[in-house]
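What follows are several structures.
In what follows, subunit A forms one complex with subunit B and a second complex with subunit C.
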Partner chain A sequence: MTRATTLLGFLGLVLTLLIVWRRSWPARLRLFVMHALLVASLALAVGIYAGQAGLLLVALVVAVLKGWFIPRALARIAAGTPVRPVAAGTSAGTALLAAGGLVVVAYVVMAPVAGRSTLPTAGAVPLAFATALLGLFVTVTGRDAFGHILGFLTFENGIFSLALLATYGLPSIVEAGVFLDVLVIVLIMEGVTVQIRREHDSIDVDRLRELRG
Partner chain B sequence: MESLLAGLLQAALAAAAAPLLTGVLRTLKARLVGRRGPSVLQPYADLRKLLGKEPVISPTTSWIFRVTPWLLASTSLVAALLVPLVFTRPTLVPAGNIILVMSLFMLATFFLALAGLDAGSAFGGLGASRSVALAALAEPTVILAVFALAIRAGTSDLGGIIERLAAEPAQAVAPGHLLALAAFFIVMLAETGRLPVDNPATHLELTMIHEAMVLEYSGHYLALVEWASAMKFLLFLALLANLFFPFGVPASLAPGPLILGVAALAAKLAGLVVALALIETAVAKLRLFRVPELLAGSFALGVVSVTSAFVLP
Partner chain C sequence: MTVVGLLLVPLLGAAGLALNPGRAGRLVHGATAGLTLGLAGAVVAAVVRTGPVTALDGLLRVDALSAWLVALIGLVGALVAAEAPRQVPVPASGRFYPLLHLFVFTMLLAVTTDDVGLMWVAVEATTLASVFLVNHERSRASLEAAYKYVLICSVGVAIAFAGTILIYFADIHSLGRPAHALRWTALVRVGPELPVPVVQLAFVFLLVGYGTKAGLAPMHTWLPDAHSEAPAPVSALMSGVLLSVGLYAIVRFKVVADLAAGPAFTRRLLLALGLGSVAVAAAFVWSPRSYKRMLAYSSIEHAGIACLGLGFGGPWGLGGALLHVANHALAKSVLFLLSGRIRAAYGSPAIGAVSGLSAAMPLTGRSFLLAMLALLGLPPFGLFVSEFLIFGAGFRGGHAAVAAAGLGFLLVAFAGLLRATHRMLYGAPPAGGVPEPTGWAAAWPVAAALGLLVATGLAWPPGLAAALESVAGILSP
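Presenting the complex of A and B:
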């Protein structure tokens, strides 16, 4: 059990690192789908081991919502933009080094918390926290609206796995509320980005900043 | 005495097998893209041809140019005495660990870069500057990846790491171990000049790194340089194979386990070469300015793997 959740949490962290690494949006979207499916299998694993039938339903909802529905909305948001930024100086090198530093920070912060817990999933708690931190990092440093939304969703995935691992299964009603929030946020964001693109021909944040007086 | 003899035998075996490994990889790659390709023994024929030719040396070069091929050959031979290939206790193991191995390779890289500059051609300088830039980014990651294993094994001695990890096979799927494997693999591609970083099959001035530095060499000097780079490739692959799949590497020097060790190494190398051939057929070379991104990625993986070795049980 411990081994399974640790491995899943770790794969999630690696996928998040890859999201920081890759520049092309179709690749990042594919990574996000894989990450969502990983979170779903984490919920499945915890559900089976903890004997909570509700979590199996949650896993199904995660897989459908985050693995299929939200990626479709994201693809609509990004459609028509260049596959990867063409501007110079967009190397992911510094971002990756910062990401490595954030992982160390996450370990340092969460290790005492995980050490005090007696749950079999405690070992993976720092990993989920690192995933959430990296998601926040992508949200802050994203170069266009797509990057911001992807970062936010990765952040949300991290928070979800953190809740799952730290409590050994949340009540399903809480999960349902969170899902509804995320879904609504993504749909609103889609509407907003479509508007932004119609007005400014681009969702690149740097170009939007030019308008400020 | 016996251990010294075995160590020398191991180095001789590596020296003899290195061109074969390169040849197998070339043939496999040719087959994968539908060409017949040269025989797997072609590198030996190339070396023999080069040894028979008269070397031509530019009169503007200094002693560095002539010493470098010998230095490359000797550092790779010393490294073959240090790296556990067919048994875990090579002759020089008490003398050093991964840091010594990497500094030997670094010495070779340094002198090759000097030799590239020495001839004074434009390509030599270009290759030298690229190779040094990449080496500075790649070298720390190799050490970091091996240290992630060393922390788990409780020893920085290469043979000790292998023995310890072989005793606990569950470690091989530990997340930190897998990450270190990924980091080491990426950086090995950069160090040995394989495809996403450098294309060993072309002489295209926009992309070449290693080939640009050795452009001025001919005759037996070129033979030495080519053989030394084949040696480096073999040593890196063997290091990857034995550290991350530490099975079937005997600690004793009895003939039975030793033969088993040779067979295990051959099998692991064959698997790695097939994987490399598949990767090299599937990926295109990265633009030079995106290579640091790749190496920074592998460095980040290395940092995470070292961290997890401290924190995860």
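Presenting the complex of A and C:
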């Protein structure tokens, strides 16, 4: 079990690093779908191992919601924009260097949790947290609405994996609330992005400059 | 069951208004707001009479701290509901009124549930319910504000989710897997046995996450935009009670963290964030372009003051912080509602565009001045008392340097707010005059809020001291 979850956690981190590295949005979207399916299989693995039938349902919901429904919304958000950003942002090299630093930070911060846990999945906890931090990094450095939302969802995936690994999932009422939240956030962001595009003819957030000071 | 009713009424009201009842919309809106206030009063009365009230197998639990917030949400919600139809027409408003009541529902749920996981869901839902309220005017600026709001608050609250997971981890780590591991009452029971480093880590996440919602610097960047671009009734609700709900969530976890790790850890963090917020606000109230933005920065200042009170601790600090949250909610919601009237009359949110307010709009201008004096912390209004309690706690509790620095920033903000208010109130009134809402219907919400502020400042109605004491008792078990 330890080996399986650590492997899944590691693969998740690699996918997230690729999301940080890649610049073209269709490629990043494909990576995100793979990441979502990975989280679903993590839920499946933990569910089978811990004998929690509820997690099997969670795995199914994650696969459908984050592996299929939300990516479609993301594609609608990004549709029509150039595949690669026109303006130069942070270079891929700098981004990866910062990402490497964040992984180290994740190990340091999560040391009290990973060291204290008696669960066989504890070894992968810092990996999940590193994924979350990288998602946050993508959000903060994102230059358009697609980058922001993709980063947020990756961040959320990381935290969700953290919950799976550290506690074998949360009480069902909370899980249900989390799914509903993610779904509504994406739909709201899609609605807002549609309006932004109508107003500014772009989803590049550098054009949002009405409010300063 | 009154608690369940309290949650059902705004939810059903929102559903009813979403069905677009046409002319009956105004009636549904009024009935929902009135019933919500009435049930909030009933719940508070029940808590005062018999102590904590529970429902749905303990999922909902209202103790004195929750009741304090329920009363606040009920009062500010009623003020806002009374004023809203003046500024946003009821029949032609589409999704505004359903979302307004849904917003109130999510805030009530956040403060009445005992389950910190469900509380997280509710706090996140407050953002989702209010995004399109912020964006109601559909201007470019309001769109940008809504975008920032949903993005920053979602990320912030997701950080609080990580903190909640860590608390859950700490709980099941020390106790196996109890049935209601995420219930606050259960967390308090096992608090002293929780692993200290994990709880400390969790509290940092929770403070950053819910601090975003509470408008504490440096996570406050969404706040001035959202507050200034939203319609005035929404700004009043956000500034008055949404920030308070964020602080409430922090307070709940502060209790747990203090039980596990002692009060020194949370105190340092709260004092740092509180002082930082007051400092940022003091700098920014000097240079806003619009009066609503200025009021928004002042909200950051007052969130910081309440945070300082929580950090100073003791009955004065804790009771003062809670009283301050209520006082600020009343004063600030009146100011935002009046700023909506001013904007409608002058047609501009810019401070420079408003002059001669006290001559052109006598009732509005005078009320604005009174509410501003209350906000500035002058007697006989309640904020004087709560600020006195908070900073008194600081000086008496051995945090003289922090308290003195906080008071210094307060003075700077005081001068900045007064300068802008002076510019708006005096000078030449616009030629031809401006329309002003007058009469009983326009006056009573303002008069009621100012009356309550005088009550908490001067009269201390019977029961207030006891209520504050029992709330402070929950905060330092």
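By definition in this document, the second predicted complex is superposed on the first by the 205 of 213 C-alpha atoms of A that agree within 3 Å, B and C clash if a C-alpha of one lies under 4 Å from a C-alpha of the other, contacts with A are read in each partner's own complex, and residues count from 1 in each chain.
Definition applied: contacts are C-beta pairs under 8 Å (C-beta built on N, C-alpha and C of every residue); 3 or more make two chains touch, one makes a residue touch a chain.
This one's a predicted model, so the numbers in the text were calculated from it and none came from an experiment.
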Fit or clash - subunit C, subunit B, common subunit A: fit
Subunit C versus subunit B, contacts on subunit A by residue: C
Subunit B versus subunit C as contact partner of A:Pro126, first or second or both or neither: first
First (subunit B), second (subunit C), both or neither touched by A:Leu31: neither
Contacts of A:Tyr107 with subunit B and subunit C, given as first, second, both or neither: first
Subunit B versus subunit C as contact partner of A:Val184, first or second or both or neither: second
Partner chain in contact with A:Val62 - subunit B first, subunit C second, else both or neither: neither
First (subunit B), second (subunit C), both or neither touched by A:Ala99: first
Subunit B versus subunit C as contact partner of A:Val14, first or second or both or neither: first
After fitting on chain A: smallest Cα gap, subunit B-subunit C, Å: 18
Complex contact set, residues of subunit C against subunit A: 115, 117-118, 120-121, 124-125, 128, 131-132, 135, 138, 140-141, 143-148, 150-151, 154-155, 158, 161-162, 164-166, 168-169, 172-173, 181-182, 195, 197-198, 201, 224-225, 228-229, 284, 287-289
Subunit B to subunit A touching residues, read off their complex: 173, 175, 178-179, 182, 289-290, 292-293, 296-297, 299-301, 303-304, 307-308, 310-313
Complex interface listing, subunit A residues touching subunit B: 6-7, 10-11, 13-14, 17, 21, 91-94, 96-97, 99-101, 103-104, 107, 111, 123, 126
Subunit A to subunit C touching residues, read off their complex: 109, 112-113, 116-118, 129, 132, 136, 139, 145, 148, 152, 155-156, 159, 162-163, 166-167, 170-171, 173-174, 177-178, 180-181, 184-185, 188-189, 191-192, 195-196, 199-200, 205, 208-211, 213
